[in-house]
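Look for subunit A in each of the two complexes below; its partner is subunit B in the first and subunit C in the second.
And now, the complex of A and B:
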């Protein structure tokens, strides 16, 4: 059953991705993006990663859909995407190259649910056995996230901070600057 | 018991496919919003069925989260349609938004 659900969800994902490419209404595009992340989150559930599914659902379906819709509400014109009908070669080549690299990279990843793979056999055991003495953090999850993968987490935090600042700059109302001058000066 | 879960899952996925068709084809914007809402509801049901099928009842929390987010998303979309009259260009474009 898990295989069937996987296949159907992946097929829906493919349809959705093609539809996002084809559609011209930005509103429909935003809604389809919401559906897309909902499907991805469903796939994460089937892959037995509920924490990732939580994050994906909250960020992808919730916040980013709302943000896209708010952006759409803020722009006056251009609720339709315009394309010129010309296909550019260089982005296509870059995309295919990157996709090929990613697919090539998957050959090194352990099989899903393989109990003999290195992450399941050695890495987790080492975290559990030596995590406390090596890092001195009582919580094991915190030890992995903040100590073993510290640079990873730092990068993520930087990305989130930058994105937050960007959104705030985009959404923040430009207030008029009032300079009150008291007295005889002719202020602006 | 697995057979029942399988039948229910297939039925739900079929409904998802129908809702997806409506979301892609849907002539008016309200069709799309309704289809997205329905798709989200079916995703909640699918996750719930999968939770009972795999015996991990904590996955039900995710189903609850989905329904909550689905609600928020639909409300946001409807707000946009409502305010679109004032924000979009003057042709009442975002209210009708027919496919060409």
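And now, the complex of A and C:
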């Protein structure tokens, strides 16, 4: 059953990816990216990772799609991607090389659910064995993220805050910046 | 989207439900899937939906921008604060076991507080991002 669901999801994922490549209209592209994320979220549910699925559905489908749409709305024109019909060789070579490298790299990833793989034997086994008795939290993902890996999560939150500050500095209100020009008129 | 009646009515009924769900994910994250980050993005998506339907000004009235900027920092401070408190009580940084008398109760308290910190920061930053981007959309 889960194989069937996986196949359907992966098939539609492929369709979405090709549709994003084929479409010329940037609004349609943004919406298709949202659908792509929704399908990935579905895949995460099939893989028994509802925590990640939540994040993917809310961030990938919701927030990033909205941000892309808002960005497109703030641009007056250029909503159509234009191609000149010329094909360049160098990007193709780089893409094929990178893709090949990634596929080569997947051979070192442990088989899904393999009990004898290194991460499952060492650290994960410890978490599963002692996690609930040490933290008293039934959701193991929360126990690992918040308690065992608390320092990492602190770093992640700081990154989120830093990203927000960066966007505010770049795009925020520009009232306070006054560049004096010799003519007396303000720039922006 | 000015006067789309169906959209407005649906948003009005849907936003509180989304916020309620975000609070559930936030405070029930130690028993069911979810946690601070998920709750934060779900909460902000409710405000995003409201802002998309009713306009930026209406959304700014619901959550003022200054409060968001303060909240974004408060979340991180709350998180670090838990670490500092556990240091003051004689443990390592972010060792929640020393927060209360029993280690398990301390762990539980620590996890709930830092998840709250994560949720507050993530929600505020996501809404701030939307506001900052949306302000650049020039009215037609």
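Before moving on, here are some points about what is shown:
As a working rule, the second predicted complex is superposed on the first by the 124 of 188 C-alpha atoms of A that agree within 3 Å, B and C clash if a C-alpha of one lies under 4 Å from a C-alpha of the other, contacts with A are read in each partner's own complex, and residues count from 1 in each chain.
What we mean here is this: a contact is a pair of C-beta atoms (placed from the backbone, for glycine too) under 8 Å apart; a residue touches a chain by one contact, two chains touch by 3 or more.
The structure presented is a predicted model; accordingly, all values stated were derived computationally and were not measured.
Contacts of A:5 after superposition on the shared chain: subunit B is touched, whereas subunit C is not.
Contacts of A:154 after superposition on the shared chain: subunit C is touched, whereas subunit B is not.
Of the two partner chains, subunit C is the only one touched by A:146; subunit B is not.
Touch criterion not met for A:110: it reaches neither subunit B nor subunit C. In the superposition on chain A, contact of A:62 is made with both subunit B and subunit C. Once chain A of one complex is fitted onto chain A of the other, the partner contacts of A:54 extend to both subunit B and subunit C. In the superposition on chain A, contact is made by A:134 with subunit C only, not with subunit B.
Across the two superposed structures, the residue set of subunit A contacted by subunit B and also by subunit C is 50, 53-54, 58, 62, 66, 70, 73-74, 76. Subunit A contributes residues 50-51, 53-55, 58-59, 62-63, 66-67, 70-71, 73-74, 76, 134-139, 141-143, 145-147, 150-151, 153-154, 156-158, 160-161, 163-164, 167-168, 171-173 to its touches with subunit C in the complex. Subunit C contributes residues 25, 29-38, 41-42, 44-45, 48, 52, 69, 72-73, 75-76, 79-80, 83, 93-94, 96, 103-105, 107-108, 110-111, 114-115, 117-118, 121-122, 124-126, 128-130, 132-138 to its touches with subunit A in the complex. Partner subunit B is touched in their complex by these residues of subunit A: 1-2, 4-5, 8, 12, 15-16, 19, 23-25, 27-28, 30-32, 34-35, 38-39, 41-42, 45-46, 48, 50, 53-54, 57-58, 61-62, 65-66, 69-70, 72-77, 79.
The touching residues of subunit B, when paired with subunit A in their complex, are 2, 5-6, 9-10, 13, 16-17, 20, 23-24, 29, 32-33, 36, 39-40, 43, 46-47, 50, 53-54, 56, 58-59, 61-62, 65-66, 69-70, 72-73, 76-77, 79-80, 83-84, 87-89, 93-94, 97, 99-100.
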